[in-house]
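Below you'll find the structure, written out as structure tokens, and then a few comments.
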Amino acid sequence: MDLPKHFKIGIATLALLLLTAKGQAQIAQDITHDQAYTALLAAKEKAEESKVSVNIAVVDAGANLKAFIRMDESFLGSIDVAIKKAKTARYFNIDTGKLGELTQPGGIIYNIEHSNGGLITFPGGIPIKNQEGQIIGAIGVSGGTIDEDRTIATAGANSIIDGSN
Amino acid sequence: MDLPKHFKIGIATLALLLLTAKGQAQIAQDITHDQAYTALLAAKEKAEESKVSVNIAVVDAGANLKAFIRMDESFLGSIDVAIKKAKTARYFNIDTGKLGELTQPGGIIYNIEHSNGGLITFPGGIPIKNQEGQIIGAIGVSGGTIDEDRTIATAGANSIIDGSN
Amino acid sequence: MDLPKHFKIGIATLALLLLTAKGQAQIAQDITHDQAYTALLAAKEKAEESKVSVNIAVVDAGANLKAFIRMDESFLGSIDVAIKKAKTARYFNIDTGKLGELTQPGGIIYNIEHSNGGLITFPGGIPIKNQEGQIIGAIGVSGGTIDEDRTIATAGANSIIDGSN
Amino acid sequence: MDLPKHFKIGIATLALLLLTAKGQAQIAQDITHDQAYTALLAAKEKAEESKVSVNIAVVDAGANLKAFIRMDESFLGSIDVAIKKAKTARYFNIDTGKLGELTQPGGIIYNIEHSNGGLITFPGGIPIKNQEGQIIGAIGVSGGTIDEDRTIATAGANSIIDGSN
């Protein structure tokens, strides 16, 4: 292989760094399935209090589906909306409702919904943090009004922060 | 598995709830193919009266395609629009035109169209109810003006409610 | 509209059939979210016994996602495999492993996997029946060996048939 | 552009033909919705005779969906299989079962199923010809055994050739 000189130096420097590094991996705190379940049950309980039937999705730190439940009589169309809300919240580490304020016509990230196979940018998706404040996943809720969805998702996310788990 | 205390209680509570539940199955009323046909023919008749050529789709309670017809000379692009209108109407148990009022810029569910592989949120999709008022499917019409599409879809849906079948 | 004579007779016959029909709706028994949860927990318990980490998905009678859990350390690629196994089992009311016997090269339905956005036709997907023997949904498991996946899925499905719920 | 000599002659001949042609458009004989309906009903009648519940799809000369019916209790997974059988039959103007003989491992068009968003290459898809022998569309049937599906599809296609319509 015939590398340009400056590139060879780059590799040498990298090799040096690696030799002296303590070998620490990137540490991503990730939600466990017990935590995902806890968030799901807390959200479901809040939904039942509010007498609304919803879909609830939890994704992990990699934005991959971790847990899901569709309550009886909830909208079929909310399966995908709940999952996309959870993914969107983790993709950008943000309350999906906040993101939606930036995606309106004239907004700075207008129509970002076209990325990632479709985003949902109205309330109901909330990042899930651990007690140290690190984002470890996200929860998405769909089936009620947007205010109900946000309240239910928040209840789910808070069940982890609160350390009750 | 070493579950946190809170979670164990959650499962115990769930188990208790399940034990005391009466084990009632969820009964979903579903459209029959004779009803789907009746709705299709009623819609087609209305379209012919209105001298407009349309695509007509009927989905069942699970939002799965049940019956479809494309009238001669109707738009090819309306095949998918009619099917998506029917699915959207069942996904959210709503007149697709009503849904569209909420998805405009600034609307509370702006850009929900990005979910479920693409929704159609202008008029022409209508839930189909049985005579007891239960939703058993939906009909979607595309090819005319949105007013024509809505009128034709409504004629199809009403043919079931009216109990002519 | 100027219909050919044969077609007019067809419609007349259809109308007659509809008039004489007893107007019976099709009644689909559908899995409840409590049942879906029960199946999920039974499958998870079996997986823990077998010391294998899996993804478990439950779909309803309409093949729509009802409940899901990914156990810690289970494959990310198994999320979609588990969901597709559950859907495939309900799409054709069959153990996915049995279906796979027919889709091999030279088999009578070789390459059916290309339909429905992708099927999974090896063991791990099982229809869920109620105590009356009616199919009300399906369960899909992925993450272990195919034998483990099938055993775990069966444990989930049996928890409903057994009437423990 | 440096064309080979025989190709230049081809163009010259073509130019001559165009000059003397009467400006006739390409004439594609296309199935009407009445014919599609006729084929659908003939297939449904045959299915009822055979006491099998199937999905039946008819596509036009452009391989676009023209008519569809799912009989009660037929497999949900057969919706897409029936449509893909009809499309496949028209894409290559062939009985889908015949195509499948060529797509087996070692076959001359092995794995062509990966094209066109997914083909189905086992029996049940049949081109529909008019009385002049021109292909005007295709019919696809799914839900029975492959022999039943082929027989039912053939009954549908024959109802047009036979000129009963």
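Labels A, B, C and D are assigned to the chains in the order they are written; within every chain, residues are numbered from 1.
In this text, a contact is a pair of C-beta atoms (placed from the backbone, for glycine too) under 8 Å apart; a residue touches a chain by one contact, two chains touch by 3 or more.
These numbers were taken from a predicted model, which means no experiment stands behind them.
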Would you mind working out whether subunit A and subunit B touch using mostly the same residue numbers, over half shared, or mostly different ones?
different
Distance-wise, how many Å sit between the C-alpha centres of subunit A and subunit C, to the nearest whole number?
28
Taking each chain's centre as the mean of its CA atoms, how far is subunit A from subunit D in angstrom?
45
Subunit D: positions in contact with at least two other chains
37, 72, 76
Graph of touching chains, which shape: line, ring, star, complete, other?
other
Pairs of chains found to touch, sorted by chain label
A-B, A-C, B-C, B-D, C-D
List of subunit B residues in touch with subunit D within their complex:
32-33, 36-37, 60, 62, 64-72, 76, 79
Going by the contact rule set out above, which residues of subunit C touch subunit D in the complex?
3-4, 6-7, 10, 14, 26, 62-63, 88, 90-93, 105-106, 108-112, 114-117, 119
In their shared complex, subunit C is touched by residues of subunit D numbered 34, 37-38, 41, 72, 75-78, 80-81, 84, 100, 103-105, 111, 113-114, 118-122, 145-146, 164-165
Which stretch or stretches of subunit C touch subunit B in the complex?
1, 11, 14, 17-18, 21, 23-32, 34-35, 37-38, 41, 48, 60-64, 130, 136, 163, 165
